[in-house]
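What follows is a single structure, and I will ask about it in a moment.
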Amino acid sequence: MAQLTYRDALNRAMDEEMARDPKVVLMGEEVAEYDGAYKVSRGLLAKYGPERVLDTPITELGFTGLGVGAAMVGLRPIVEWMTHNFALLAIDQVVNEAAKTRHMSGGQLSAPIVFRGPNGPAEYLSSQHSQALASYWAHIPGIRVVAPAFPADAYGLLKSAIRDPDPVVVLEAEMLYGFKGEVPDEEFLTPIGKAAVLREGSDITLVSFGKPVHMLLLAATELEKLGVQAEVIDLRSLRPLDEGTIMASVAKTKRAVVVDESWPAASMGSYVAQRISFERFDLLDAPVEFVSSEDVPMPYNHALELAVQPSVEKIVAAAKRALYLEESHG
Amino acid sequence: MAEPIFMIALSPTMNEGVIAEWVAKEGQVLKSGDALCEVETDKATMAYESPVSGSLLKILQPAGSTAAVGQLIAVMGKAGEDWQATAAAHTGQAAPGAAASAAPSQAASAQVAPQAPATASTPSPVPSGSQPPSTQPAFPALGPVAMGAPEAPAYAESRIGGGNALPAGLPPSSPLARKLAKEKGVDLRSVRGSGPRGRVIARDIEAHAAAPGGYAGALSAAQAAAKPGSQAASPVPASSPASRLSAKGLRSERVPLSKMRSIIASRLSQSYSGSPHYFVRVAIDMERLLELRAAINAGRDKALSLNAFVMKLVAAALERHPVINASWEGDAIRYLPSADLGLAVALEGGLITPVVRSCELRGIEDIDGELGTLVAKARAGALKPEEYGGASFTISNLGSFGVEEFTAIINPPGSAILALGAVSKEAVVVGDDIVARRIMHATLSSDHRVIDGAQAAAFMAELKALFEEPARALM
Amino acid sequence: MSAPDAKLYWKLRADMVFMRLFEEKAGQMYGLRKIGGFCHLYNGQEAVAAGFSSAMDMAKDYVLTGYRDHGHALAAGMDPKAIMAELFGKISGCSRGKGGSMHMFDAQKHFLGGNGIVGAQIPVATGVAFAQKYEKTGGATVVYFGDGAIHQGAFHEALNLAKIWALPVVFVCENNQWGMGTSWKRVSAVDDFSLMASAYGIRGELVDGMNVLTVRDAAQRALADARQGKPVLIEARTYRYKGHSMSDPQKYRTREEVEEYKKQDPILILEDAMKQAKLWDDAKAASQDAEAEKLVAESVAFAEASPEPALHTLYEDIYAGEAFFMAPSSGPAAQAGK
């Protein structure tokens, strides 16, 4: 089994899918001759040529809409957004076009397209380039949304996304592009809509998606030192959401900490917390804890930007509250 | 067949329009899109363009007339074509399928109606004379609801905010703790919560249940006490009214109003909001009365109830202060010729006030006998309207619950109600000594429209004097 | 211009007359509350859709448009019954009652929709053209939009993309001179939109949008260019007779202005041309009109008689295969024991 970076796993997925299906094309800013702003598309231009790997002008609305139109008549475009921050310029084409095509046409048409790019905070990027915008997409019926945390899922979910008959938004993470992990050599697909239990435990359930999943694993290690067995769930897909896995776990542990690097209000994390509170109300021994980013735009200063985001310490503290391991009860 | 032309909605909110002007004349040949007429909508004057090409055969609604959306206003067709069949087929009613537009139209006229001169619907003046005001519903007279009585829902002050209020007595607890407590038969109130703000959490229930003899909570103890031979201490006497009334346990349930509940709600809301209540309190030394009652009961098979003594003395006080024994009639105050005393009796799901008539003329034994009969009938649900209606004055005694004092809501047609608390020993100053005396707190609720403060105070002073020296009643 | 072709002229007249009558009936049905919401009528602009569609090969070409889409849908050959039923919100509508006036679609007829977001269809159409080029179908895409949409970034981004990737797309700005209640002149930097093409190195042309023969001629040339990878911008100067939508009291313009344009009615202009070319025939015109009226009446009857969509259909046409929903529904799905 090969050790691949998250970046190379995505690259392998696109490479294999482009080789498999000539209708798959990749377009976006710097995806071709520059080999990708984050080198995710490295080598694809050389392999598939400029008809299938296209550098676009910096017109997110324009090329996103163009991708939707191409998808409506049979192509399988992959639209790369340099980051999800810039996708805000294209949100109309996702929300009003891609997500509605099947519906508005009474089922006659579809837009099988993948929108992908890095989402969430990186480092030293200040407020316009360090935003976690998952809820913008997770909100919308008519699309699917995935957020891989590991190279194997990046590979398997992107391949599923490219083959999906509906629009799929892929939330990658700049901070994970260099993360290495095992990816099986043989081809496989990761099903969209299935969460992964990364670690089993009986005392508390930790839930997140994307980059913060790595914090959950570290938090679980910390908690183990306190004799707490934490179960760690990586949602992998936000839409559809695998509620079954979450609820089965909370039924066992009676406690949950939900982590989302987005802002707190109207976020995927707050939604998951609400679902647990509703579905597992009678079994909860503590309020569902929710760790999000602070409700502020991201500052540039490094100490400040770290303080804004979820951290292992914040997650452990939330878990201890849910476990009543804190002694200072008012 | 010729084409019917209906009034159409020329604005999204238009229900009808006034035809300001017919731009086209009868006989004129129009193309579709040519202006037929100008229509004043609720928003603006709009051109109504012909939906078809042809000759304007007949104008059915002249300029200046109002037409509802869907109403036939004209007929078009080929020159010389018969318009009458088309008109006949569509006249009077809305266009086929235009029901949706007809309804808002009617609604709109209904809204306009109240602005019409209200010659016929001028409210009638309140009838004068001896009739009670018509606003007095002919509901059976029911007893008062004691404010702050134990069965009334009471909510603890939230420590966080209003939204987190929990039922009184139930500590904060996690859903899991509540579930476990129910399974293990643990009374949450007997568990000390170790979570934030004293929240009872799962481990507290487990620890409590594991502790030997640790989970006999108040309710289960009360239930245990009800069993013969039980050794468990009971904080509330099993036979007391409190245990009878509260033996259900908490529940989440929506219960439709019973007839009785509905009448209580209606009458007492009306009484409390419709008559200006005020309250006069006295503390009564009960030693002499209780001694008297003990002496009288000493040789009797069946003890006379304290309530019978109370009613007799109240009747005596009313005789001396007839302004209290009165009824508000809107344009007059009716002073009532006898002390017809109601006594509030709690029932399952409500309460009722059997009335002992003319207490001023009857002896205590007589009053007690009738009261016993009426209360038994009340509990059996067998009281007749004449047995519970028309109290001139009402007494509510929550002393058996241990209530110190309370205020009650006036029970019409009476104008006052006396709320009696428990008799309990208090330290009082007699001469220069502090002594223990059996004291009862009494509160009179009065309708200020009928009874002024000084009158209520004088009555209560009389009542206190009579209770403290019952022999005064002989005078 | 080619020699008069009687069959073509009569076909163009029939198309325009039908659009006109269909829209008049739609307006009437809106007034009778059979049709709700936003309903934008095409009256006055018929020459643009009729002229362009007469130059297109709908076996391989595609059409996209904005929300004033009834005329374009009819010109693309869509079944008027399915359009009227869609306006009525019935299950037999082309979009199963989910689209309404603004969202007519017919995948088979290559009519890719009425679009409700001003200008949003322009990049999408450019993408359709991208696929046509990628698949080497030889087809082209015609996208209609109004004088309001031309100032959207979507328009400018799409022209640039079409040029750099040499896409077979014809951008047709139907300048009906009123962006809702705003005169195009008040909000436009140029008084000839065809000039905007030059900013992107493509050919632009201003045509009389009231003359169907002129439009057809321009369309033929534009499509020929497009098929060779040369996108074209056409400004068709036209005029709408009706308000922006059915609820527009049209305070911004005078009735005289409307009447003035009605003298240049596209149907009248074509009929004059037919008379000059000695192609006119009163009886034939009358029978064309009667045929159109009959078909419009049949469309209304069909829409009236069609059933409402069943409640469960609200869960359909969202995803391929089995649908999913984010939380347990309290709606019809829950009531059906789902």
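Order of writing sets the chain letters: A, B and C. Residues in each chain are counted from 1.
As a working rule, a residue touches a chain if its C-beta (ideal position, glycine included) is under 8 Å from a C-beta of that chain, and two chains touch if they have at least 3 such contacts.
All values derive from a computational prediction rather than experimental measurement.
With centres taken as mean CA coordinates, the chain nearest to the overall protein centre is A. Between A-B and A-C, more C-beta contact pairs are found at A-C.
Between chain B and chain C the centroid-to-centroid distance comes to 62 Å (mean Cα coordinates, whole Å). Rounded to whole angstrom units, the spacing between the C-alpha centres of chain A and chain B is 55.
Mean C-alpha positions place chain A and chain C at a centre distance of 39 Å. Across the complex, chain B is touched by residues 254, 281-286, 321, 324, 329-330 of chain A. Partner chain B is touched in their complex by these residues of chain C: 20-21, 24-25, 27-28, 30-34, 43, 241-242, 246-247, 249-251, 255, 262, 289, 293, 304.
Residues of chain B that touch chain C in their complex: 6-12, 32-33, 35, 41, 43-44, 46-47, 49-53, 69-70, 95, 97-98, 100-101.
Interface residues of chain C, counted against chain A in their complex, comprise 62, 64, 93-99, 103, 105-108, 112-113, 115-117, 120, 122-132, 134-135, 153-154, 157-158, 160-161, 164-165, 316-321, 324-327. Put simply, chain A touches chain C in their complex at residues 25, 51, 54, 56-57, 59, 61-75, 77, 92-93, 96-97, 102-110, 141-142, 144, 165-166, 193, 239-241, 271, 275.
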